[in-house]
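In order of appearance the chains are A, B, C and D, and numbering begins at 1 in each one.
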Amino acid sequence: MVLIRDLAIQGAQMLLVLALAPLFTGFVRKVKARLVRRQGPPLIQPYLDLVRLARKEVVLADSASWLFRVIPYLVFAATWVAASLIPTFRTGLLFSWSADLIAIIALLGSGRFFLALAGLDVGTSFGGIGSSREVMIASLAEPAMLMVVFTLALIAGSTQLSTVAEFMASPQVGLRVSLGLGLLGLIMVAIAENGRIPIDNPATHLELTMVHEAMVLEYSGRHLALIELSSSLKLLLYVSLLACLFMPWGIETANAAVPALAIGIGAYVAKLAVGGFLLALFETSIAKMRVFRVPEFLGAALMLGLLATLLRFVSGSF
Amino acid sequence: MSRIDFDIAHLLAGTLVLISFLELYQDRLYALLNVYAAHAFVLAASVAWQAFVQDAPHLYVTAVIALLFKAIAIPVTLHRIIAKLGIHREIEKVVGVGSTMLAGIGLVALSMVVMLRVTHGADPLAREDLAFALSVVLLGLLMMVTRRNAVSQVVGFMSLENGLVLAATGAKGMPLVVEISVAFSILIAFIVIGIFLFRIRERFDTVDVQALDRYRGERR
Amino acid sequence: MTVDALTGVLAIPAIAAALLAVLPGYRLTARINIAASGLTLICALSLFVRRPATGAYLLVDDLNATFVVLTTFVGFTTSIFSASYIGHELESGRLTPPFVRFYHAMYQVLMFGMNLALIANNIGLMWVAIEMATLTTVLMVGIYRTHEALEAAWKYFILGSVGIALALFGTILVYMAARPVVGEGLDAMVWTVLVQRASAFDPALLDVAFVFLLLGYGTKVGLAPLHAWLPDAHAEGPTPISAVLSGLLLNVALYALLRFKMLLAVNTGALAPGPLMVTLGLISLVFAVFMLYRRRDIKRMFAYSSIEHMGIITFAFGMGGPLANFAGLLHMTMHSLTKSAIFFAVGHVAQAKGTQRIADMGGLTETHPMLGWSLVLGVVAIAGLPPLGIFMSEFLVVSSTFARAPLLALVLVFGILVGVAALFLRLNSIAFGQPRGPVGKTEASYVPMFAHLALVLGAGIYLPPALVAWFQNVAGLLG
Amino acid sequence: MTLTLALAGAAFQLALGVCAVIIGRAAAASRLIYGASMVVSAISLVAAVTHLLGAAASESLTLPVGLPWLGAHFRLDALSAFFLAVVDLGAASASLFALGYGEHEKTPERVLPFYPAFVAGMTLVVLADDAFTFLVSWEFMSLTSWALVMAHHRVPDNVRAGYVYLVMASFGTLALLLAFGLLAGPDGFYAFGQMRAAHPAGMIGALAMILALIGAGSKAGIVPLHAWLPLAHPAAPSHVSTLMSGVMTKVAVYGFVRIVFDLTGGPAWWWSIVVLALGGITAVMGVLYALMQHDLKRLLAYHTVENIGIIFIGLGLALAFKSYGMLFAAALALTAALLHVFNHSLFKSLLFFGAGAVLTSTGERDMEHLGGLIHRMPQTAFVFLVGCAAISALPPLNGFVSEWLTFQAILLSPQLPSWGLKLLVPAVGALLALSAALAAACFVKAYGVTFLGRPRTRTAETAAETDGFSLAAMFILAALCLVAGILPGIFIDALAPISTALLGERMPVQIGSQWLSIVPIAASRSSYDGLLVFAFIAMSGMFAAFAVHRLASDKLRRAPAWDCGYPDASPATQYTATSFAQPIRRVFGTVLFHAREQVEMPPPGDGRPARLTVEMSDPIWDWLYAPIAAAIGIAADRLNRLQFLTIRQFLTLVFCALVILLLVLAVWS
């Protein structure tokens, strides 16, 4: 009985993130447009895009291999699994103990790994640019992320996301320096990982500046749809991660009744709205930086994470 | 042994050291050879004296060898060779006579210090004799390393060997002394008239060691 | 019966020498040479089963029995090798029949000298024997009559004679020291007596004596800075002689040194000979390994490696103690076998390639696989890599030293490492890489070489207990 | 029983080597030798695994060979059994691979005799139980592998590689020799049992630890002693490179663990500082070096350096915990390190096999001349991809598990009291994370440039799939990578006896835990379930595929690549390995390798192509090895003058020696 309920909730979580992801992307676009006094596309525009892409036929480059066709599914699967492990409205998900924070990072990493391979598969110069830049960014972003995770793990005494979230929700976590540093670092990483301004501009196809888009340049049709979906899943994932770690209010614990869950979902959606708005605001108020400034940006994130961890190591009071 | 015997032996040994110094002092080959002859002669005398005081007749053989072979035969042959090979008469030195002398004195002092540490259990004659013999050996070696041309080096070696014989005969009742002196005479014969000088003469025009060194290994 | 073994060891070479001096014909003389060496070896082996009583002149104990057997064995194998080697020299016209006759005679004289030196129970006799051996080798080094050969022989001769003189002076001093205790006459030069009574000798005299003996016999051992004759003599003489020099003569000289060390070890008042030997050993080692780098002549290179190993052995005996002494003896044996095997290989290589210049050889493992790989194996052995015998001795030396005197051990290890680097630097260019030089087949006698290498390999894996017991016993004697 | 079997196996391998000397040139020789060697290794592997899983008591045996009055001691305890299994697994798979690969060998008589001997050497090292036997086997292992590196001796680079290798190997052996000399003491207690009993701690132990680190580290490839490794490993035939990279470095790790955890007494806290710092540096330097390479095999060799660094980080943590008596954490760290030993031996062998297959079918090691092989050699491409994912620590494969455990160990370390460690461990953690991320980047490059894209040369275009034996070996290893990734609990439990023996503490039993997940400390704290993640990914992937093919159109059209509408130029316009690494080179290489890029731009109207040349320098070589070589050269030149003195000058030397000694006598009293 309990198992079935847990399974149901886990499934609900998976479907929820899957359903919300395009909406959130659309929401961010809308807000951005509004902020620059444009009408902007409708909120459901991403869904429409996905459907349209799915209907189109796939145009596959001659030099593409079987790997190129498998990768979209792999990437999507990895990202989705990762996203569905993040407590959004309720902790203690059934499968949460099958992978902790480190594993989630690794899952995202494998998604990126295969995407970068896809960039190289067709054998075009743009794909190469995208992949090489992507891995360069990742090689700094991942350690930074891990350092932040270390900080949180040391504070909460666990790398288990549910435990951490519950700990964060609990009163015994006060305002801590290391937490602040961690938050900052995590935000920077999130921006980099999702290819948002100032690291990368998801809206542009200006060759010299693009990273993520260059990698997936050769994709089309349903493959492209899957990739689009997984990138918006990723964005959602990061925002909900930030939410459940640093805005844990209203998140429900494992033994919560069904009505309580409604509250949880409500709180979650509200958090997403706030996060999306802040993101849009940030993006509109800043200019994109040159690619070779990115290492400095991420280096800063890494240093923040390391500093936070060090502080934790030196004494528990930080 | 009685006092007088001791003094004479002592005197002869001392003379040997003195003559070694004289050798160091020479700068002409012929003169050097003459001095060496004297060296050998004194050695013969000293050996004979030892034979007398130790009444060890076999030592007389050594004495005779020293007299005939070293004091007469060798110098004569060397004269011949010099004349034949037309070696010029100067002795090329590495360091000047003065400093050589100083070094020699230092060596004598050293040998004294080393030898006089010997406890008085060993009889004084042996000790003094050894001290002198050691200095003669060292002086001979010094001569070998400070002289450039072969004849003088040979002479240095021979006086070194004289020192050995002096020591051997001084060692009372030492067996095989005669054999050893004979062996050494053969050795010297090897050096002087032996195959090498011979070959060398037919290959190079001088026994100057540096001429040999022109054909040192690895210089190909 | 007892006398026969010793007299055999001495008489057979003497008679053979006389015989070979008169007999003509290369084949016959070569065969006689081998036969004589073989007989000598058999006599020597009989020393294991029955030990003759020690007389006033001759003596056999664990120490020199081992050495005698080693000497006669290497002498035997070398005679086999030299048969084919000299044959080739005759064909190539580098040697003429009279010289070959002279060579064979001298070879036996050399054997006689070394055996005498080893079993002499009398320091004077030992001195005479060693000098005889030295002089014979001088003659053989000069046998090619080339400028280089003559110059090498001359250098060897002069330095050797000085060494002889110094050693004699030391011997006289020992007599002087012994006389007051033992009394005049022969007894004062007899080993067995000396060792028993040495405690009462005058220490000061013994000190001086040891200094002279160390330099005198050290010259023969080839310790730096007294080594100068060694490389050229090895490089310019016939290869069998190089093998015998490295494999045996150095050992014999060192053996003499050890005897006197035992004397000093008994006497408490005398200075400890250890430090002197350790110092000389380390100097030789470090000096030799650096000299290895710039060598262009393959035989000269291995001559320097002999200096290196003599340094290690002297170091081991200088350190003293059961482990180090055992290691020293083992290293001595292994080095003789290995180094002579290497010289066998090198001799054939030089004949096959028609040169001794390292620069003119290359890819030997391809052009002459047997020779090439045996040379590689030999160098591996001489570099002290397992599973060959020298590794065991080096293992014992280093590990036992490091616990007692870490700094010395560090110097030792440094030397060994630099040596290995140098040896393999050259080996790579000789045995590997693009083949250079002539590729023709050579008729070579592999038997001696393989025999030696097999022995070294076997010893590295398994030492027969009897031998171990002997070495341990001797190591105890050496103190 | 197991011990006897293993020893018999080693003896048999040696015998095989001897046979190979005789029949080396025969046609069927390589099939025969490799087949027999494989069978023997497989049998011994089974024995070792059963011994390990059965947690059987340690067996020991003394043969009357080796050092007299001591004999050759052999012992098989949990640690040896584990490493024996690693060795045998590597050897068996390598032999299987070589059954096919060996056919391409030009000079089999230079490979066949040494290959089984090499295997035997490694086996004996892990079984040896006294210093002498250990060192003999150790150096024998180096020697045989040296001979194998010299197999293709006509290539000058190989000869140089072999030279550097042999010198470094002797250096390492001498360091170990000193370490053992220290542990054995002046009376020469060379048996490990005696050393264990003596349990030297304090200064002796510390010195021994340092020497062991130098000795084993130089064999394992710890920076800065790694210089020989990237030269020698690629130079050997590929199946030997596999053994050297995948197995021999592990034997070196065994040596370190044996000496430091077993023979010496309780560690001092600062030992771990040394090990941790070196490990971290090694991990990052190794992967950075690898990123700069475009020779496939050399790249893999540098990754061995990186993984050795990761292993040593684990060992360092274990030391730190042990020194403060936190035995449970120590067990965790040690298990992590050992598990990584096993995993690395799996995927590194797999990758080297792949490189070997590419080498045989294209004759190329240089990635810049490859590309598009996924079309030509699909199966090799697939298994190589698995290997890349595994070594890049991507879940659900095995590489991730051991790194995850290491992270868990790092997260336990704030409880360490010492300040030095408090500051160092996070930094090391950051280095570990960095190296993991960079490794992923590096293997995107390796795989993308070699197997993806369009072929850059004719040879790459006309490559053919490799033979069945090689494929079999690779598929087996790939399967093992997956199994070890999704069922890590079994392997962790198998390692428990080791930590029990060395630390007296073990990780909790994993087999029983829910859904086969692994729980290092407590479920609330951290847990990972490879099986579930795998199933989860598979399910959602299949779901996606199902949905797409149900709902979306499955029309597909082949067309020229779009590439932003640029006309498709020659394959030369693809990204190469060098250009792919350029961003990372700019970030890390400029300082570390003095990487300089020079663009040579012809003036307008000049038809010549513009060139971009990159030059880099290896700091460690320039600052450590070159000076030493120069110093030795100078010394040699100086001393060499002594060869050319005149006789008189030599006499002067003798004379001076005499006078000096006499002076010594004079001043003695």
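Heads up, the rule we're going with is that contacts are C-beta pairs under 8 Å (C-beta built on N, C-alpha and C of every residue); 3 or more make two chains touch, one makes a residue touch a chain.
Note that the structure is predicted; figures quoted are calculated from it, not measured.
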| item | value |
| --- | --- |
| Reference chain D; chain at largest CA-centroid distance | B |
| Pair of chains whose C-beta contact count is the highest in the structure | A-D |
| Length of the line joining the C-alpha centres of chain C and chain D, rounded to whole Å | 44 |
| Chain centre separation in whole Å, for chain D relative to chain B (CA means) | 69 |
| Distance from the mean Cα position of chain D to that of chain A, given in whole angstrom | 35 |
| Distance between chain centroids, defined by C-alpha means - chain A, chain C (Å) | 78 |
| Multi-partner residues of chain C (at least 2 other chains) | 154-155, 158, 162, 204, 208, 231 |
| Of all residues in chain D, the ones touching two or more other chains | 643, 647, 651, 654, 658, 662, 665, 669 |
| Chain A: positions in contact with at least two other chains | none |
| Pairs of chains found to touch, sorted by chain label | A-D, B-C, B-D, C-D |
| Residues on chain D engaged by chain B in the complex (per definition of touch) | 643-644, 646-648, 651-652, 654-655, 658-659, 662-663, 665-666, 669 |
| Parts of chain C lying in touch with chain D, wherever the complex brings them together | 154-155, 158-159, 162-163, 166, 204, 207-208, 211-212, 214-215, 219, 225-226, 228-229, 231, 271, 276, 287, 290-291, 293-294, 323, 363, 365, 380, 383, 385-387, 391-392, 395-396, 398-404, 409-410, 413, 416-418, 420-421, 424-425, 428, 432-434, 460-463, 465, 468, 472 |
| Touch list for chain C against partner chain B, complex | 124-125, 127-128, 131, 135, 139, 142, 145, 147-148, 150-155, 157-158, 161-162, 164-165, 168-169, 172-173, 175-177, 179-180, 184-186, 188-189, 202, 204-205, 208, 231-232, 235-236, 295-297, 300, 357 |
| Chain D - residues contacting chain A, complex | 371-372, 374-375, 378, 381, 385, 389, 392-395, 400, 404, 407-408, 410-411, 413-414, 422-423, 425-427, 429-430, 433-434, 436-438, 440-441, 443-445, 447-449, 452-454, 515, 517, 523-529, 532-533, 536-538, 540-541, 544-545, 548, 551-564, 566, 571, 573-575, 579-584, 586-587 |
| Interface residues, chain B side, partner chain C - complex | 114-115, 117-119, 121-123, 126, 130, 133-134, 137, 141, 144, 153, 157, 160-161, 163-164, 167-168, 171-176, 179-180, 183, 187, 190-191, 195-196, 199-200, 203, 212-213, 215-218, 220 |
